[in-house]
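Here come two complexes built around chain A, the first alongside chain B, the second alongside chain C.
Showing the complex of A and B:
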């Protein structure tokens, strides 16, 4: 199995640099998701690994071999494109066999390999059909089949699900996850959909403006974002970000003064592990689901706030309350039976240990102090 | 029949009838003219002399003459050579090659070449004929710029290789059409499909042969249909350049029709040649339209 290593990879078009030196080390068998907003360079980066886009600077290595000057077909990769990119004039079988025929694989072996892939992807009965006679989901499976039969060391997926409807997207997502479990090959997957990123990835690379923001497990990217950008990008609704000034309270404990729009600030006492923040201006990050309704009660680790509920969105399992706590929207993901109503005042509380703290100037995460 | 028409049309039959009058008139006129030619082709009608007024039906005499006299078969051969080499091979391949080559060039080069190519296209045939005449005549551009410097004996190409000259002139004149059509067609080939073939290991030549050309097949058939028909019945450039000569060497069917009908004055015979041309063009069209369809 094969790992992929990116070493200070850069891409420029003329004077315009779009990828600014990315370092990534991808372990064999990993499922890596590149995620980020439109124009962040994630597709460009994938195409550079594929060999479809020249590498302006830095190196890309696959299995320990620098592949900067190796043509795409010789890199041991297969790619699944967003538009499926099936050959429209070829049948399903010919689409899958094309790469093998180009490599002069014996016909007997092609038949066998293509047959197996078609069966595995439930395409057996469509083998003689043209792509235009297939549904979107079937076409996507043909594209995946075409990638499988070449038995690549690394699979590259460029937003493969974005042309499918929601139900099919879920189903195909699970199929891709199953494929990864069965084949165990290294996979690199580009998406702007954070649900795909969180569910599929063993590790997520979050990109913004051609720079790597965080490269970590889905759990850590979600719960311990490296900076305010990652915090705001991952999760729907996103992490709430609130500006705060940390002052010294009784006995030297850190107390956060949370600024509110048009209302007096709220004071929140912080855990002992946040003592060194005193005197700094920071940004608090709080996941909507870390917020509960009602008073603190018997939970000493929690802090409470009173807010006006602007809007309640019922999503079935949850009620998303949008409040006026800060100048922007502040979301609380509450149980469906929570006692919150539009236009009324409500008391919310949250676990102080779940607060993420970021530097107000750089946006970078400030880790908890270890005692 | 009008079930899926808009309700207001269904209600008002008189309006529908009135609206149809122009279309019916045009179609009727076309059918009348085509019918007139067809009827004339069975007569010995002449442009002048006694047969201009006292003509009579002669059955299939004119059609027999197509195959018994030298003129028609010669012209059919000349037209076929002219069409195959100037349109199907010349314009088609040159147009495609230019479209493919200019896809990734800078805007200046592209505009310059496009301008030059289209200039040839929009230039009136008579002017183009003069230009090519000056190029290929004794001591013309080719003689002075190519043959003389290498010490090769100069010659009058229009006399020695007349068909070659009209073919070159027509390639030059018509390549713009194929270029424009193929430029647009190449834009319809999805770049991801070509990239997929690249990842699959296909060389540029294999990508062109296995991917791009098959995807472009309907466009190629459309283009061939158009340029074949237009070259098959082409008249002005050839007539202005050679008048069909020397002898009958460049006497394509359209010039043959013109001369038989208006110089010799045999309108009946000219009509028969026209009918034969229509049949040949119709046959070619059916061939291309079949090519347009998907094999499956």
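Showing the complex of A and C:
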């Protein structure tokens, strides 16, 4: 079992720095997902760990050994490429055996290992076929098989599902999760798809412009995003962000004044744990699913807002209401039977304890005070 | 052209064109199999293979082997050198790479005959006024074009495949041998056959490089045969021409087979 440690890792192309000092400590057996928008440096970072890209500064260690100057084949890693990178002129079996042959593994052992991997990946009957005779999903499994047979300490996946259609993507995602459970090796996975990140990862590293935004469990990344970027990036529809000023209300309680475009602001009383925010300008973050339809009723923790519904998107299981609460879209994920209609006014309420608060200037999350 | 009805006028016109195209070939064929051939286009007066046995025996047979030697050496050298030079041009960020490539295009456009005098003197001073010298000179002249062609073929081999092989522990030689070259098979065969035919057809260089008739390749041998005997032996010339043309036809079919098994572009993506 092997851990991977990145220490102040940087990458520059000439004067242009694309990775700005990333520190990460990956525990053995973890499934880490690097996620971020295009151009955030996630693939570059993966390729630096793989040994396909030079590390400009900082160190990468695998199993406690600094591997900056260790060539890729000696790092104990296997990489699965976005395009699968199967050798088109070799059969499935030869593709999987290629690395073993280079390492002069005895032929008998190669046959055995490749046979086992092919069976496990349901490729047994395709072993003598060329990649062009396989479907996209099968090719993907060959690429994974080629990584498995080398028994690496660390698996690296570079957007492995992006060429598959939606149904196949779900299925292959589950297979990769199963593979991780069975092998238990450390896996690092790059994707721009936040669903893949949330479902597969034991920990997610969110990147933006070559900087690490948050490195935490999927639950915490989703429910307690480190800053407004992570809040807006993770989740579809994204977290609603509303500028607010916190004033002192009755008895010193904090009251948020939510700014609205062209309408009078809305006052929302905050829980006692937010007292110290009084006087600050903040950004309010509220997940669309934290919003319910109808009046508060008997729930004292909830706050009420009235909005105009611009648009209702029916997704089957729920209805996504797009409202005019802020100048940008403000989403509410409501049950399929919710009484919301396009062009009508609706009363919504939300749980005040589920509010995330971010600093208006830095965008960083402001944690709740512990009593 | 939606009218598929047969028009007699059209058929006649096509027949005339066909006759026009086929007459030189039939001239060669009829004369070759006619031991009494006198050079006119006529139905063979007799039938026999005497002309062919003359065309492949003795000095003529030697000339055939000379041609094979020059063509094989040229095509092999060209493929090896063009491959070795094209790979770095395709993969490595060499400063001034574009300038190099454009210079190759320019070299390709210049008439080879324009540099025949310096090439002759180079060969003379290095003792290469021989068939080997001819092969080297044709290789040199072929290289700009074949290099560009192979570079384009190498460009189509996805870099990720090489990265995959590299991270599996393959050396550069192994990557080339097991991944890049097999995937560029179509390109390599085009280059090999192109330079084979080029060398086979080459006339001017062997003419000025080689002095003895026994060292002539077939192209020069054919030219030489015109004045060889007091009267021109048309039957022999025709048979000789056919033997000379044969490899080109064979190469055409080999090339077709190899082109259709090219791999470029398969196996990546879904």
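Note that the second predicted complex is superposed on the first by the 371 of 371 C-alpha atoms of A that agree within 3 Å, B and C clash if a C-alpha of one lies under 4 Å from a C-alpha of the other, contacts with A are read in each partner's own complex, and residues count from 1 in each chain.
Convention: a residue touches a chain if its C-beta (ideal position, glycine included) is under 8 Å from a C-beta of that chain, and two chains touch if they have at least 3 such contacts.
Predicted, not measured: the structure shown is a model, and the values here were computed from it.
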| item | value |
| --- | --- |
| Clash or fit, chain B versus chain C on superposed chain A | clash |
| Which of chain B and chain C A:176 touches, first, second, both or neither | neither |
| Chain B versus chain C, judged by how many residues of chain A each one touches | C |
| Partner chain in contact with A:26 - chain B first, chain C second, else both or neither | neither |
| First, second, both or neither for A:77, with chain B first and chain C second | both |
| First, second, both or neither for A:140, with chain B first and chain C second | second |
| Touching partner for A:86 - first (chain B), second (chain C), both, neither | both |
| Partner chain(s) touched by A:164 [first = chain B, second = chain C, both, neither] | second |
| First (chain B), second (chain C), both or neither touched by A:123 | neither |
| Doubly contacted residues of chain A, that is, touched by chain B and again by chain C | 50-52, 72-73, 77-79, 81-83, 85-89, 98-99, 102-103, 130, 146, 150 |
| Chain A-facing residues of chain B, complex | 190, 192-193, 195-202, 206, 210-211, 214-215, 217, 296 |
| Residues of chain A touching chain C in the complex | 50-52, 72-73, 77-79, 81-89, 98-99, 102-103, 130-132, 135-137, 139-140, 146, 150, 163-164 |
| Residues of chain C that touch chain A when the two form their complex | 158, 160-161, 163-170, 174, 178-179, 182-183, 185, 263, 266-270 |
| Chain A - residues contacting chain B, complex | 50-52, 72-74, 77-79, 81-83, 85-89, 98-99, 102-103, 130, 146, 150 |
